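Shared between the two complexes below is subunit A, which pairs with subunit B and subunit C, respectively.
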Partner chain A sequence: MNEIVDLSLIDWSRGQFALTALYHWLFVPLTLGITFILAIMETIYYKTGDPEWKKITRFWMKVFGINFAIGVATGIILEFQFGTNWSYYSWFVGDIFGAPLAIEGIMAFFMESTFIAVMFFGWDKVSKRFHLVSTWLTAIGANLSALWILVANAWMQNPVGMQFNPDTARNEMVNFWDVFLSPLAINKFLHTISSGFVLAGIFIIGISAWFLLKKREVPFAKKSILVAAIFGFISSLFLVTTGDGSARLVAQHQPMKLAAMEGLYEGKNGAGLTALGIFSPTKTDPENDKLHDFIFKIEIPNALSYMIHLDVNAFVPGVKDLLNGNEKEGILATTDKISRGKMAIETLRNYKNALKEGRKDEAFQLKEKFMSKDFQANYFKYFGYGFLTNANDTIPSIPLVFYSFHIMVILGSWFLLFFILSIYFVVNNEIARRRLFLKIAILTIPLVYIAQMAGWTVAEVGRQPWVVQDLLPTVAAVSSISAGSVIVTFWLFALIFTILLIAEVKIMTTQIKIGPKDGGH
Partner chain B sequence: MFEQLTHLTLQHYWWAIISLLAALLVFLLFVQGGQSLIYEMGKSKNERTMILNALGRKWEFTFTTLVTFGGAFFASFPLFYSTSFGGAYWAWMALLFCFIIQAVSYEYRSKPKNFLGQKTFDAFLFANGLLGPILIGVVVGTFFTGSEFSISSMNASAWHHPARGLEAVLNINNVALGLAVFFLARIQGLLYFMNSIGNDILFTRAKKHLIYNTVPFLIFFLFFVIRILLKDGYAYNPETMVVSMEPYKYFTNLVQMPVVLILFLAGVLAVLWGIISSVIKDNTKGIWWTGGGTILVVFNLFLIAGFNNTCYYPSNYDLQSSLNIVNSSSSMYTLKTMSYVSLAVPFVAAYIWYAWKAINVKKITEEEVTGKTEGHIY
Partner chain C sequence: MKKIVKFYMDGFKEMTLGRTLWAIILIKLFILFFVLKLFFFPNLLKKNFSNDKDRGEHVIENFIKSK
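Right after this comes the complex of A and B.
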């Protein structure tokens, strides 16, 4: 629990985590999706014995291998960074957060790394059936890895199944199933993996489109598109459904994030959904430099209220309601939350001091007070606010969250249409003639990566300043190291990951150019 | 089945699991040891390719074990995680950087247009093989020699040395353990080559290097063990939790835990037998003796560090801030929940073993690495 923190340390620590996480996430979604596509392709080969399907499987497996290696390289730092850069956070929530991480290692990583070895090296060493099973287990292992880390992430957005222990000064798990099966965890997992499936589908269609444009490997490309498009289409439906559920859960647990996603300043009944909008540089409120006017926006009347509450006239709070409070809607002002949070921290500190100084009766009374239902519901609930000094700090960067959210939604809608068109063209055997569509398919590859980055920006920037929603802000979670050390490691990571990314892209494009016929390298 | 156990028993159980993961990690460092030998062992391009393809099929196990070790430590002893990782920043960062460069090097080294060139990726593997085991050994050395940190009443930690963990290299015991782990990793790497590569020249060369690496390993290992057994240790009183220095604490731990002593000595003998039988009898199974021995030695070394009321992560800055399995662990509920998950470990070990055997059913040959078979080549 840091008393005085260098703000540049927080910014650089956040920057480093964002940098490493975004680099990692450039590679993870393809792994999540392509492993299942590989398993489907190999299953067809297993069932039909057609060597063309083996060729197809092996080509995409090679592409997967190149992507997977850099995903592993960029992933190791994330786990350890919780400790190196967010030391107090590691203690404050380690009792809950550590468990999914450990389970991820024991159950998922080993499954993935064991069977990936069989998948790569076992073609002429194990039976066809064992090889196929290994490919499926690699896909399941990869997605199980995502499950546990997303359970942990969901817990940070909506801490459940825990109780703060004043003796250890940390949150402790009291119900594993509440943590594991929280609606937010389930929704986050399904939304994230289906986004990975969509990315993999688009990736395969885009590259296959390049082969068709070059008039190379036509049967290979068509078959690849068929599998990827059907897989991607089904995944898109999941993506849309879980995205809808996600917005509802955000409204319930992180209303400030929802207000930022929609650029909603004044809460209202029958709130409209902003379909499009552009912010002006001018501030709408002289006292709050985080709020900017819209130059223009297209709003669908009442749609936000309906989307969130399934009621066209329901109230949706805006940034100002959450900041200044809204008595009618039962919303407490942020300044009040800060006062209550400070009271909770002070009470905890007094308890610890009384214990240390041997004032047992006083310590007992303070603990009783701290653990009482009333104190937990009205004071401890706002524990994290006690670390803040300015109510405006609870507002995330609205333009960044707003634009990211809208880019993600617009692109997500395009992906659904894209898969429908892909299926239509390939089933009607028109795909090779649709040269404009093939070019668009190639251009859709970078778009799906942009959508991925935008999605995580909404999720993570949107919840600022919280590491753990309402309980721990970044300012209190950061390790007490010098900003200079973090600046050095930030640039080292930026340098090494950029070099590795260049290597990955060059190797990948070369292998694609070599194509499946020559077997690549 | 874990419902009846006390919090203290669960803390011991989880320290044993951490010890086992550490032991498996040090065994799997044969990959790093092998990488550090690529230039000495691989005189031609094909030889180097055979060596790296033999190692390349296993590197992920080491990597995954390291990640699982970190995750399990975080989950079971989070105060260690927050104190050591947040404090010894540069030591851990150095370790992580040298593993980052390993992860891509196998896959990318021989791919056309790989941007950095094969020599660079091989150099990355060599650097990982050299620094990885030494850094892990040095960091584990601080479990016996202590670090400069303090813990507040809110359990927030602070590090009090400007080198942020790198100061560990100034302690001769830590360095000795780092070098012992390094040479042990090389020994295991050589034994693995003898086991998995079907090439007479490499077999003979590995045998020769085995002797060269065994001598420094024994020197550094014995130096570390003798120094540790003779030094004062960080003991805590289980009633008052007060930490104090106790003469010959680690030696006392061995004497008071005879099973640990026996298994530790059995491990040392197994390590030596694996080496000796490989040199004298051209045994290709030496890796299993030495590997099994390594697991026993490291497992029991960790038990000496954490059991019998010993602080496994001592503080030289503030003795009372030293971490032990009681004051740094997760809650009883979390340990109990994770204990059920730990029941999956034998199942995981079984399928790893099965897959390992399936992949290693045929030895790696020159023919295979020159692309004349169907396999994936690094």
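Right after this comes the complex of A and C.
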């Protein structure tokens, strides 16, 4: 298939999807986290009756409203692209994606839109209790609507609970709960929302730091920092725990991604964890130009084996083990997987030809063979490999995945320390005097967005060439359209999103400069 | 029911910043659905084939082209 699909079409289609997904994700995590912080702030107001907490809640609610309004519906563009740029993929996964996305649509519409209206319009019009319940339900609804798209994404990384139908070329869901409760889906959801909580915590601390630097709204800023820092600290701990779980699941289901994250070429017992490393831009392994040599590397001995298997001497496969196979560790060579994938495609081809030519008995037998447990486990399992011609195609961009992963981890560690310092300074009433820390707090806002983007880069670039792990590579998922039309829409999206981003930043900075006041929405 | 309608009506009337935000949402939705979706993002399989059987056949044909 590589020969018949224009590679620039794949690259532009991927680029367009990445652009829209990353821009969309600029808006989402703040919504996920800030809604819970609002709910906590309003709960304090409800419990204490202190009007200062009402003022605080209303200000951050306004910030949330701006972010929500600018970001809402930006994700729909991704769905447009499924139908146009990725129609084969869209068809292939249709049945699996249909249920979660439909639930998301209904949930987002009913929960978010109903309760958001009460949140904004209901101050002093509905009871304090009902208003508070609405704020909590908005937070829960916003996060639950993220659940469904993350379940769908997790399925792409680890397809479970489905059966491929050779007559329709679609995957049909056979067990909703296997899809919904797959460990990868649960972990991905928890890791993603906790990253949103951390972002929201940092965002609030950063903006409050600005007020303190300007010596404005001091009680408001201190109280905001206190809530955001405690919330962010707890979320950070949760983020680390789910990140650890995520690495273990990646090792299990996407070992090539893990090898790329760690820059691990040769698998070994007692594998070390690369804490830091820099690749040579030119020097590569003489046998494989996708494997860049390290110029510099700091490794923690045995830590990777321990992190993945809770055993300091356990074996962790590297890129070369996954490419060439490792009999001792039970790893099949990629070339064998390609042969098995081609066998699966060949069987499908023979079945369709037999059907077309009216050879009913043969068609029946071929379908029986295709659907048998043995064939599914040993051949269809590698269906996607059948579209590939070169084993090296299964290696993602190692420098991009490696650097993104390490940027995410280093920044994540800083955020944890940042929350601890924020709590310490605010509890000891030193925060207003710590001007350097306040400046760093403002600078940490862009860093948390970078960490978010890096995380998604690891997740999505790391699983290349797969759109659906092992079953459908990008090359087979892309529609037969002209690269020119994708290029045009790429730049259109870049323009629209940049305008939206400028609008967001402008409106938000204006409102922040105005500061908290008692009314208006 | 009247109370709910009034609640929403009053809420929209009293909006200040919300008016700007709603304008942005509406312009955005217009661009998304009436420009991008309509002119640039047709659902190819829906557009080119009249039923699911033909769509499935087309996708399989593309899959089995691979050698």
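By definition in this document, the second predicted complex is superposed on the first by the 505 of 521 C-alpha atoms of A that agree within 3 Å, B and C clash if a C-alpha of one lies under 4 Å from a C-alpha of the other, contacts with A are read in each partner's own complex, and residues count from 1 in each chain.
The criterion applied here is as follows: a contact is a pair of C-beta atoms (placed from the backbone, for glycine too) under 8 Å apart; a residue touches a chain by one contact, two chains touch by 3 or more.
From a predicted model like this one, the values you see are computed outputs, not experimental measurements.
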Overlaying on subunit A: subunit B and subunit C, fit or clash?
-> clash
Partner chain in contact with A:G15 - subunit B first, subunit C second, else both or neither = neither
Considering only the touch criterion stated at the top, classify A:G245 as touching first (subunit B), second (subunit C), both, or neither.
-> neither
With the two complexes superposed on chain A, say which partner A:G277 touches: subunit B (first), subunit C (second), both, or neither.
-> neither
Tell me which partner A:G386 touches in the superposition: subunit B (first), subunit C (second), both or neither.
-> second
Examine A:A73 and indicate which partner it touches, taking first as subunit B and second as subunit C; both and neither are also allowed.
-> both
Of the partners subunit B and subunit C, which touch A:A102 in the superposed model: first, second, both, neither?
-> first
Which holds for A:P399: it touches subunit B only (first), subunit C only (second), both, or neither?
-> neither
Could you tell me if A:Y88 is touching subunit B, subunit C, both of them or neither one (first, second, both, neither)?
-> both
Examine A:P183 and indicate which partner it touches, taking first as subunit B and second as subunit C; both and neither are also allowed.
-> neither
Which of the stretches 26-34, 80-88, 242-250 or 296-304 of subunit B runs into subunit C once the two complexes are superposed on chain A?
-> 80-88
Overlap of subunit B and subunit C contacts on subunit A, residues 1, 62, 65-66, 69-70, 72-74, 76-77, 80, 83-84, 87-88, 90-91, 117, 120-122, 125, 168-170, 348-349, 352, 479-481, 485, 489, 492, 496, 500, 503, 507, 511, 521
Note which residues of subunit A are touching subunit C in the complex, please.
-> 1, 4, 62, 65-66, 69-70, 72-74, 76-77, 80-81, 83-84, 87-88, 90-92, 117, 120-122, 125, 166-170, 342, 345, 348-349, 352, 386-387, 476, 479-481, 485, 488-489, 492, 496, 500, 503, 507, 511, 520-521
Footprint of subunit A on subunit C - complex, ascending | 7-8, 10-12, 14-18, 20-22, 24-25, 28-29, 31-32, 36-37, 40-46, 52-53, 55-56, 59-67
For subunit B, which residues are in contact with subunit A within the complex?
-> 57-58, 60-61, 63-64, 66-72, 74-76, 78-79, 81-87, 89-90, 92-93, 96-97, 99-104, 106-108, 110-116, 152-159, 164, 330-331, 333-334, 337-338, 341-342, 344-345, 348, 351-352, 355, 358-359, 361-362, 373-377
For subunit A, which residues count as touching subunit B in their complex?
-> 1-2, 62, 65-66, 68-70, 72-74, 76-77, 79-80, 82-91, 94-99, 101-107, 109-118, 120-126, 130, 134, 165, 168-170, 172-174, 176, 348-349, 352-353, 355-356, 479-481, 485, 489, 492, 496, 499-500, 502-504, 506-507, 510-511, 514, 521
